[in-house]
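Shared chain: subunit A. Partners: subunit B in the first complex, subunit C in the second.
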Partner chain A sequence: MSSSEAAPVSRSGFRTETSGARLLRLGHQLGFFLLSLAVTFLGLTAVTFFIGRFIPVDPVLAVVGDHANHDVYEKTRLAMGLDRPIIVQYVIYLKKVLAGDLGESVMTSQPVLADLLTFFPATFELATLATIFGVLIGVPAGVAAGAQKGRWPDHVVRVLGLFGYSTPVFWLGLVGLFVFYGKLGWVAGTGRLDVGYDDIVTTRTGVLLIDSALQGEWDVFRNAVGHLILPGAILAYYSLAYIARMARSFMIDQLGQEYVTAARVKGRSFWGAVWLHAFPNIMVPLITVIGLSYASLLEGAVLTETVFAWPGLGRYITQSLFNADMNAVLGGTLVVGAVFIGINAFCDFLYKIFDPRLRRA
Partner chain B sequence: MSGPLLEVAGLNVTFPGRGGETRAVRDVSFTLGRERLGIVGESGSGKSTTGRALLGLLPASAKVTAGALRFDGLNLLSRSDADWQALRGKRISMVMQDPKYSLNPVRNVGWQIEEAYRLHRRCTRAEARAKALAMLEAVQIREPDLVYQLFPHQLSGGMGQRVMIAMMLIAEPDLLIADEPTSALDVTVQNEVLRVLDKLVEERGMGLIFISHNLTVVSSFCDRVLVMYGGKIMEECAAKSLGAAKHPYTRALIQSAPQLERRQAELATVQRDPAWLT
Partner chain C sequence: MIKHLKYALLAGALVAFAPTAFAETPKDTLVIAKQIDDLISLDPAEAYELSGIEVLANSYDRIMRFEPTDITKLVGGVAESNTVSDDGKTFTFKIRSGLKFASGNPVTAQDAAFSLQRVIKLEKTPVFLLSQLGWTKDNVDKLVTAPDDSTLKITITEDYAPSLVYALLSSVVGSVVDSKVAKEHEKDGDFGYNWLKTNSAGGGAYVIKSWKANDSVVLEGNPNYRGGAPKLNRVVLRHIPEPAAQRLALEKGDVDIARNLTPDQANGLSGNKDVAITSVPQALLYYVAMNLKTKEFQDPKVRQAVRYLIDYKGMADTFLKGKMQVHQSLWASGFWASYDENPYSFDADKAKALLKDAGYPDGFSVDMDVPNSDPFTNIAQNVQSTLAKGGIKVNLIPEETKALLTKYRARQHQMLMIYWGPDYMDPHTNADGFAHNTDNSDGAKGHPLAWRNAWPAEEETKMTDAAVKERDTEKRKQDYIDLQKKVLETGPYAIMFQSTDELAQRSNVKGFVEGPSSDVVYYNLTTK
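Presenting the complex of A and B:
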């Protein structure tokens, strides 16, 4: 079988695109993407609307109260359009939602939208900070543990992780408050700010760290950090434990693959193969895990928010639920749903950046 | 050339396991010049483990001992991990079985080929790129510029294996271990890839260890053949005279291969003798 000419390989299937065709293709993809987002959101509004109609809470009673007479009740019912066909009611609801009208909250007697605009940023601030730290520490820890499976770094990460997701958050929160606030005084107590710092900063984004920094109120900024640090650290610990555990198992999986050995054959060091070869291959599942963990924090960490008297979305929705304040509950649900849609869309976008196999869908 | 390129004496590899140790390679000794040595045997006969032991790439749990392991005058046994790493790719390299798994799915072809070069040479990006394109041409890929940007999932099996060969030969190693380089390919493509490999090995005067379970390929491709069973070398013979091999195991292997001109109701099965391993 000694040297004779081998047939050359032809791949005419892979012509390079012209830039115009590329733009057109990207435009198509973007259009399709936005359309699918719109349809998903429509589905979400339908779900919240029908939940609102079918649960046994009378929306009229919620407005007029238990002691209203029959006349008032009927008038209000007609005024709310509850006598009209359900589809028409849905269209009216949809129009209102799109105009930003989510009704009024019985509990706070404010528009639900205004409530959400104050409660959601508090949760957003906490969840984002927790996720950033969870990722910055959890990913390297998980990767290192996976790469050194069965050795001491792996045991350390596993034990810390196990402690992280098996300890009740309210217990950790109370102990944390007792030690670091009560005994040591290293951090501030519950709530978002000490009383003296309220109403100094005008609300723009609702995220205190950003608002105070923009307005140069560094005292407020420092105070807000002091309040954020403990609940932030506790939530970060939870998300870190989860992210590290998943990163570890993804890593073990990838390090057993042949392409890692191939990289070593080429002369890559072990850690070079871990970070340059295996790590890019765990990005897709890792992004999924991080996205889900972030979304679940944004949905509101009720227990943490309760322990720390944090005026966040989780507490808002829970309290509205106990008060049968349906407008608030549905508004909150809508926000949570929209957050999930948004995070999923963002993850989809990231997948395509990190995995060439998912491009050109 | 002073001595042989590679000298292996008394190589043993054992893996610890629940039911006691598994001896994957037992007392394997051979020498290799700049020639083609075939290693054949069934699955689990220790062929691939032997190959990987020569690269120092067995899992950490494996216990490797040897009387001597010399490559081009260097004693591999006394070398540290870092020394061994400097040797990999540059002096000893390996083509692996299935490009579907041995190419990194998220890196493009160009990156993966250049990496092998840039790990061992100081060079600019443009130099590395030119070198990679030349290498793609050397493995007979017609449109190197195009293939350079492709990702492994866009390649056919034969193309993938050519890319693998380009990647493993770009740093011009002296010894290439080909671990079942064509077993994952279609028969028609196998020959093309073998021809590419054959040409490059000849041009560059490399030593080649060709691991395979395909007796026909080995006997026509290599100079010498080692037949392994249960981690032990059963027989060593010239490739041309493989048909006249004496060892009962080798004979049984040859007989168990189907032949077109000889119609049989049943293929012969290999009768193994535990005494071979003592």
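Presenting the complex of A and C:
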């Protein structure tokens, strides 16, 4: 770990030059990052905007409903700016977004930004919990399966993984509710809290576990945990299945390499070779896998959110799409874009920690 | 920091794994599981979705009203009495004395006038309910006035039967808004609209405490309510989209009432002593529309044949049992002036003879747009199979409802299946939709159902116009019955069913009032 720091230090002049160059390089990287961010957002909004305008649903209908008369319909159409050329509509939208105004959602009668601030934390809480469990269980399981290829731990992990991968989440959610909530009563039902616990905690982060813990409302915390466990476990199962499968195949790949044999010849135990030699080498691809799985959960798991009446981002975006509520769809898409870019950047950062080759230059 | 985190994690783990007892619903709170994602506004001048209207029925009093204690009789709400001038154009309402809004402000005739005027001036979806009386932005201040605190005077410029005017004032736009509170929150001359979209300023049994879209609505009792403070002080409507999850929550006692159970689920609960199920007929009509832009449907015999090729009873007795009842005329059963005869039943021979007469002995092919949701998909498949028995080959096109309506309003369909709900409790609402068409051109301003199906409805339009003006109530009733009989023969519709709701409640819950429309669902008499 310390080798890269040690190499070019001996002369002070050398060092200043290096840090100057490093600063420049960091500046370049940051500039490039911001540019790619801007281009991605522009592309995302453009594609979403134009798709939104070309789907065969009349956005005015979402506002006024089917029974409205002609005058109301026309007035609303004009108010929404739908009479203007589509390019003009897009430019107007962009200008507003740059000013921090994502518009108002038709469905919720709230500014889209306020909506995102309530719906995203709900999804964030669920996705983060699921990913933590997915990693904690999935990685060791995958590694063990890969190391024991063809033997019983491998079969167990593979069968469970396949089941997790191929069972419809909708079904699993309902069965889970039926068994653990309906029959056994181990977990709470749908939604984020029971009725009696609503509105006790003031919203700060929107993540109930954090808010309730910060305010010392342990009853609410407990209730929130009860509501989180089941949807969290089901999503964890999915991400676990994926992570374990990938970890297994990465591991099999590494264990076939010569350096592992060399380590064994030098007297390393089998598990020592697996964890100390092979495992560090699967970290980089594994981070990519975990990052992608986390990002896809943060997008919102629509079906899980529907079964568990979870007011999350996935359902918000889906609902808005069905209602041609374009401001909400665009806002949601921007969040999803930001999540992907953020997670990519974070993964890049982790690569540098785990891959010595990326640490230099 | 790390140390704190460790304790926090430990605490988290402990509570997570400790056996958790989940509470029953709080004693003073009625918890209702319902799909409320249709709710988009709580302003009575704008709300036009079923959930929105239901919440408003409980948080605002109206000028005229179907009272919670008797939802079959239209009586005065904030109005104690009313009189009509001899020409039937001017109505004078006496406002009850001593009434108060939830805010404590007295309910006055000015509030009532303000409420009606703001509906017209805001010009949102339900404005047509009142604008059909001849009110416009320019004349409404003159036609709707409050000469003193207890007198509301309204004048209509159209010839409308008084019973229709009363029905309109009992609909959501007849909600009386606390004008002082609305004005306090007024911004840029919006009559408080931006605030009232998510808050309430009424005198109904409840006050709206919060509305979290796609999540919940919380109501709290209004001690000033005319009918007395509600028996349960809090009502929570929880959005649980999945009916199976609603059923589980009801069985566990986490909710007191589940509103969206499927018939299967309701049947599954029949042995459960803790749950009681009631069927409540609704005013929604499910129908097949035939567009006269498709040349085959221009022949009334073909439309008649289609009506004979639907197995109404077969469906109602099997997969729609508990969900639908057969109803074929345009005004739902159980309402004043409904026509309850169902002349059509599946008869392939009769249909084939009609098709032969019309020049289609071998039938024809046609597209049918259908919403891609329950129960439409099942009904559509059944209709497809029975129409095939008469030689009509139906190609089903499943779509998202909003996309389907967009197509319907542009009359680009051939056949289409959808439902229709009344706007208020008077047959004119449906007659106007199904049987009234004053301009059948493509550029017409109005898009009633008759227009959408390119049906000129010349005679039926005249009949509708006559019925709406008829001031003799008995004669008016007969007019509507005649109209319904006529449309059954001539219309471009095969009306099939009237829907039924399954209301599932915990058996300790009593007094919940659910009528045939969202205007008459009341929470305030409920006990548990």
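Here is the rule we go by: the second predicted complex is superposed on the first by the 262 of 361 C-alpha atoms of A that agree within 3 Å, B and C clash if a C-alpha of one lies under 4 Å from a C-alpha of the other, contacts with A are read in each partner's own complex, and residues count from 1 in each chain.
By our rule, contacts are C-beta pairs under 8 Å (C-beta built on N, C-alpha and C of every residue); 3 or more make two chains touch, one makes a residue touch a chain.
Since we're looking at a predicted model, the values are computed, not measured.
A.B. asks: Under the stated touch criterion, which partner chain does A:D83 make contact with: subunit B (first), subunit C (second), both, or neither?
C.D. replies: It touches nothing on subunit B or subunit C.
A.B. asks: Touching A:R357, do we find subunit B (first), subunit C (second), both, or neither?
C.D. replies: first
A.B. asks: Touching A:D71 in the superposition: subunit B (first), subunit C (second), both, neither?
C.D. replies: second
A.B. asks: Applying the document's definition of touch, where does A:P280 land relative to subunit B and subunit C: first, second, both, or neither?
C.D. replies: Touch partner of A:P280: subunit B, not subunit C.
A.B. asks: Who wins on subunit A residues touched, subunit B or subunit C?
C.D. replies: With both complexes superposed on chain A, more residues of subunit A are touched by C.
A.B. asks: Touch test for A:A263: subunit B only (first), subunit C only (second), both, or neither?
C.D. replies: After superposition on chain A, A:A263 lies in contact with subunit B alone.
A.B. asks: Tell me, which parts of subunit B touch subunit A in their complex?
C.D. replies: Touch residues, subunit B against subunit A: 52, 55, 57, 85-86, 88-90, 93-94, 96-98, 101-108, 115-116, 119-120, 140-143, 146-147, 150-151, 153-154, 158-159, 162, 164, 167-168, 171, 191-192, 194-196, 198-199, 202, 220-221.
A.B. asks: Across the complex, what residues on subunit A touch subunit C?
C.D. replies: Residues 55-58, 61-62, 64-72, 75, 105-110, 115, 118-119, 174, 177-178, 181-182, 185-191, 194-196, 198-199, 209, 213, 218, 221-223, 225-226, 229, 306-309, 311, 315-316, 319, 322-324 of subunit A touch subunit C in their complex.
A.B. asks: Note which residues of subunit C are touching subunit A in the complex, please.
C.D. replies: 8, 11-12, 15-16, 18-20, 22-23, 25-26, 29, 31, 37, 40-42, 48-49, 123-125, 127-128, 131, 197-198, 210, 212-216, 218, 236, 238-242, 244-245, 248-249, 251-252, 254, 400, 402-403, 405-407, 409, 423, 445-447
A.B. asks: Spell out the residues on subunit A that touch subunit B in their complex, using ranges where they run on.
C.D. replies: Listed in rising order, the residues of subunit A that touch subunit B are 1-11, 14, 16, 257-259, 261-269, 277, 280-281, 283, 354-357.
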